[in-house]
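There are structures below to look over.
Across the two complexes that follow, chain A remains constant while its partner is chain B and subsequently chain C.
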Partner chain A sequence: MYPFGKGISRFVPFLLLLIPLALYVLFYFGPSVMTVIYSFTNITNLPGSGMKFIGLDNYHDVFFSGNSGERVDSIIRTLYFMFIVTVVQNGIALLVAVIINQKLKGDYFFRAVFFLPVVLGVAVVALVWSMMFDPLSGPVNQLYQALFGYKDMFFGSFSHAFGYIIFVQIWMYMGYSMLIFLAGLQSVPKELYEAGYIDGTTKWQSFRHITFSLIAPSFTVNMLLSIIGAMSTFDIILATTDGRFNTRTMAYDVYKETFRGSLEMGLPSALSVVQFLIILVFVIVAVKQMRKREVEY
Partner chain B sequence: MFKKLSVVMLSSMLLFTLTACGSGNNGAANGTNASSTAAAGDPTAKPASGEKKVIKILHWKQENINKAIEEINKKFEEKYPEYKVEYTTTGPDDEYKQAQRARITAGDVDILADLSGMRLSPKDWTPGAKVPDWQQWIDSGLIADLSDQPFVKNYNANDISKAGTYNGKVYALPTGKVAMSGFFYNKEIFEQNGLTVPTTWTEFIKALDTIKAKNIIPIVVAGKDVWPLKLPVFGLQAKILGGGDQEKWIEGVWKGETKYNDKEAVEVLDKMKTLQDNYIIDSFMGIDYATAPSIFATGKAAMIADGTWDAPTIATANPDLKFGYFPIPATEDAAKNKSLVGKYDVTWYAAEKGPNKEGAMKWLEFFSEPENYTAYVQAAGFLPTQDNIQTNSEFIDKELSPYLTGGFELAYEILMINRDNVGEHLAAEGVHTEYLAPGGEFKTAKELADVQQKEWEAAAPK
Partner chain C sequence: MKQSKSAKVLSYAVVALLLVLYIVPLLLVFNVSFKSFTEYLLNPIGLVSDIQWNNYKDAWTQGNFSNYFLNSLLYTGVATVLTLIVSLFGAFPVARNYVRWSGLIYLFFLLSQFLPNPMVAQFKLMLAMKQEFGFVGYDTRLGYILLKTSGTGIVFMMFTGYIKSISRELDEAAGMDGCGYSRYLFQIVLPLMKPVIATGVILTAIGIWNDFVGPVMYLPSPANYPITFGLKEFRGQYGNNWPMLACGIMIVSTPLIVLYTFIQKYIVDGALAGAVKA
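Presenting the complex of A and B:
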């Protein structure tokens, strides 16, 4: 009952917790709060250059300057990316998870294959798909030509590059969502299906009302992960098109302004804050919606 | 209740993770420090022999140049045994820029390389223009003044004043130039079709038509990386804008006297569009920079738009290939077309507040000795910035030198000072012909030019 004893030593566990808490505040929470503060200043990366509070000037630059149109485009593109990735990735993942959960022969093999891209990492995935999508010698273009007599520029096309990035993103992380669904599926008690069978449910009904309701927690987790993941994606864009050909997203803009732009850090901080607020809104709405339909039998 | 709370906690933690990833400052400085530390081995470690004074040099990875510098370092350490050179290289571009910023601001470097000399310094006619990194460093006293150093005299005075001087003081050593406004051409294909190097735009188009009629791809460009498309455009801009006085045109565009959609600027876009539409390889927007030279070297294409620095790559891809180089014949005036457009490459700065400024001066002096400089410039394949240097390169001596006597102009991307927050069709000191059809959305040069002028005006400082 009292593993640390009674009296003052009861507080030992709390003291121990202080260490990670301090680290968290120092390296996570602190910088995050500082980002918000910096977004109202003209801070630069130069030591000794000082900083001044300049009110909302950085935010004004984000939304009302020469290239704000592109920033708004980036935001719209991010939302589009998020919707497609979340819906398609989770849809496919759920389907694959249900199929694998049928106790197929070699389900371990399939599970490993579908999960593999997650392990590969972004750089390798980007390289693989850049080669697949090579317009001169890549296999995909040859397939296109054989099937439709059509050639594409893939990551070099203004109109299609973003679509291919969405495809690669889904390809890469589908296995991750699948695994979470699979864990959820395996926790559904068999008796419920038997009970349903006795009551004469169709396959669809038993999926819709038993499976789908009971895996709601994994559904919530998956949705959250893909919403946040998709909204903060910049690595795959950096590695495939480097933001060219209408593929910039909010997160990519933040990266670019921070590490490749000028020495000014105020504007990128403001961009981060805007990005944070947009994600926050979507996450809150999504959590509220999905919490509602989680059930327990 | 607790479950609900935990979900809220979990999601807010995820969010914080995210903002921390995206957050500016702290991440930037720490991250680069770590990466450059890793690259350097362990720069904080004291030199093994105890007494030796360390000179820290920072550079980006570029194999041929790195090797030449390492040779120089070895000779330097032999001559001055009291010093130890610690030569750190990082990945190029962004990674290097981060390392540069982190090390110079931390006072953890003595000599650092920068690209393209001193450029983009705001003028009195460029209100609101961003101050470039190097200028901020000098203004905050981080860069050593080289004006009184005797080795500066080894360099061509014109090059030093163009690319190493700020406010009347010498702060940098531009170590070489590259030309980039031309095409490598396959001599065999030209001979077989009875073609000579074109000197006017009309001749150029005629030659391209002849090659195209033989079912040979006239020109290959690595459009996927986008910047290679700028190279022929630099030639067009230097010869056409302002009637050949590009700097005047750029000043004019700031003052509202010239425009992005005026006749000359549209002519630049239009000529490049002609090439893109008819003579540059199909699907050039999908070809990356690493692949393009092989298409040229194997004889599939008669020309490649590329900078002179890539000559060794082409020679390696096909040692039997006979190739030359000529500047893009931008106008109908052969004499005007004859010179090359380019930029300065590796430029050395010495840190004022580095751990060993005196050693840095010794090293720069040693580097600047004609013997060492010659070895360096030969390995790098640059056009030398010291006078009377034997490059020993047939390519530079035979192919380029005829075009170098008439002067050397700096490219638009070096001269142009952009407005802060300018739109994407003018971003990164370019005019972005990739936005023209067939790859892009603009059907005519004029349409793109109009958008550019609108973006330029929208970015005007308030």
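Presenting the complex of A and C:
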């Protein structure tokens, strides 16, 4: 029962709840729904112009119009980005988490250092690596030359720029995934390892069957975060190459066509919906796979 | 279980290798920031020989960083406080069933994490608001702050969970004594939620302070730039003058690193809470 008065004052909680509700509907839920609707129209960004429903034309244009080759390239690049980031980032993160979890001296320091890039933010991280990767005077190029006698253009290379962006993305968020794994590892009861030890399991067996099964929930969280993150973020791209040198992804395309492209809003809307559907498919597949592995104990 | 000695050595080797990859770039930036441009061109990597303290002064004044810092503080401070308050307005009645359809509202708010990209229509909305009202919407401080104020995100979910652990009898006792709803929220509930508020503040503040895409989209006037956008502009201004840019990086990241070393534990725990609850 509501204990704070009767009559009119009964409505106070509802009135206050209207504030977050209104912000959410106005800035996120509404625009999200409108974007889906726009994707079926010929809406433009010219003030006062009307809009007409044109069915699936925008979706057709995403894949089969004059310049859709680039857009399809972006979609393929996005999927590539997602796979590499998800696999490599979580692989390294799991390895580091397992290592740190065996009570190394200085584990808190290691944790803190690996998480630092998230605290520093994209703008700083991108600039730091732009300096490291400067083609003329950057230390990495000097290293390349000393080791292999070869120089790279890094963020200015048509064939390599995207690879370096993937590297920066993983460098930045590896620590985050590691923390999530570490939390999972710390919740595994020690007795299980002792029981396994008595039964004569090898190191690998105990990792494969005890650790790996019991941290399945953190695996699920990490997979979802990397899939959704890789599919929808483009801030590192924006801050390093700004989409040049074959580094555009779907999320970047939506941004580019909304803010700096033509006045047509239908096409980027359709692209957003395609992006959403791809995320949805991968999330459902990942969750299904992961749920199978989660065990009760 | 006993660890073999070689496994231990291998573990330290892997971690050491990674530490190099994480710390060396920052040390190099620190080193470069003290070099003159000529020294940098002649010897980009070696230890600085002639320390140029003036670099920092020049970068600070020419980069207009004081202005950017104030903007970032304003956006982060106001939007974080507002986010906490509106999250409380949402979380408390939902957790307590004090409004109709609480369960439905909770699910509707949860949906915010899984919506299709709202960018296109959001942009149109911001433009329309600017045209209609002038003081809010595209390229206004208020517009950006409202956009960043959200009562439906991770903070809302953390709050809802935490409020359920606060005894309902407290509500009844306070109500019996004639305490009003909003007074109860601010004077009784809020102080009880200190631990989860600390986490919420940190998560929200890091997110807004480091927001890069938002300002690039919605704050195109230099007077409104926060520090992230400022750093991007600084890059455009100085191109390959890396000693200057390194100063910019140090100016932006030093306060963060200092703060981080003091509240590291909370930040790490906060990030975890956010990820696991999400």
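Just so it is clear, the second predicted complex is superposed on the first by the 268 of 297 C-alpha atoms of A that agree within 3 Å, B and C clash if a C-alpha of one lies under 4 Å from a C-alpha of the other, contacts with A are read in each partner's own complex, and residues count from 1 in each chain.
One rule holds in what follows: contacts are C-beta pairs under 8 Å (C-beta built on N, C-alpha and C of every residue); 3 or more make two chains touch, one makes a residue touch a chain.
Treat the numbers as computed from the prediction; the structure is a model and nothing was measured.
> Looking at the overlay, what does A:G156 touch: chain B (first), chain C (second), both, or neither?
first
> On the A-aligned overlay, A:S232 touches which partner chain: chain B = first, chain C = second, or both, or neither?
Both chain B and chain C are touched by A:S232.
> Go through the superposed model and pick first if A:P20 touches only chain B, second if only chain C, both, or neither.
Only chain C; A:P20 stays clear of chain B.
> Quick check for you: in the superposed arrangement, does A:V281 touch first (chain B), second (chain C), both or neither?
Touch partners of A:V281: none, neither chain B nor chain C.
> First (chain B), second (chain C), both or neither: which does A:S269 touch?
Once the two structures are laid over each other on A, A:S269 reaches both partners.
> In the overlay, answer first, second, both or neither for which of chain B and chain C A:D61 touches.
Once the two structures are laid over each other on A, A:D61 reaches chain B alone.
> Scan A:Y176 for contacts with chain B and chain C and give back first, second, both or neither.
So A:Y176 only meets chain C here.
> Going by the contact rule stated at the top, is it chain B or chain C that touches a larger number of residues on chain A?
C
> Once the structures are superposed on A, label A:I76 by its partner contacts, choosing first (chain B), second (chain C), both or neither.
neither
> Examine A:T258 and indicate which partner it touches, taking first as chain B and second as chain C; both and neither are also allowed.
Both partners, chain B and chain C.
> Going by the contact definition given at the top, which residues of chain A touch chain B in one complex and chain C in the other?
27-29, 31-32, 34-35, 38, 45, 47, 130, 134, 136, 225, 232, 251, 254-255, 258-259, 265, 268-269, 272-273, 275-276
> Would you mind writing out the residues of chain A in touch with chain B in their complex?
27-29, 31-32, 34-35, 38, 43-49, 61, 65-70, 130, 134-136, 151, 153-158, 220, 224-225, 228, 231-232, 244, 251, 254-255, 258-260, 262-263, 265, 268-269, 271-273, 275-276, 279-280, 283, 287, 291
> Which of the residues in chain C come into contact with chain A in the complex?
Spelled out, the residues of chain C in touch with chain A are 1, 3, 11-12, 14-15, 18-19, 21-23, 25-26, 28-29, 32, 40-41, 44-45, 86-87, 89-90, 92-94, 98-100, 105, 108-109, 111-112, 115-125, 127, 131, 146-147, 149-152, 156, 171-172, 174-176, 179-182, 184, 206, 209-210, 212-213, 216-217, 227-229, 231-232, 235, 240, 242, 245-246, 248-249, 252-253, 256-257, 260-261, 264, 267-268, 271-272, 275-276, 278.
> So in the complex, the part of chain B that touches chain A is made up of which residues?
Residues 4, 7-8, 11, 14-29, 94, 97-98, 101, 105, 130, 133, 136-137, 140, 223-224, 226, 282-283, 285-288, 291, 419-424, 427, 434-435, 439-441, 455, 458-460 of chain B touch chain A in their complex.
> For chain A, which residues count as touching chain C in their complex?
Within the complex, chain A touches chain C at residues 2-5, 9, 12-14, 16-17, 19-21, 23-24, 26-36, 38, 45, 47, 95-96, 99-100, 102, 104, 108, 110-124, 127-132, 134, 136-139, 142, 171, 176, 179-180, 183, 193-194, 197, 218, 221, 225, 232, 234-235, 238-239, 251, 254-255, 258-259, 265, 268-269, 272-273, 275-276.
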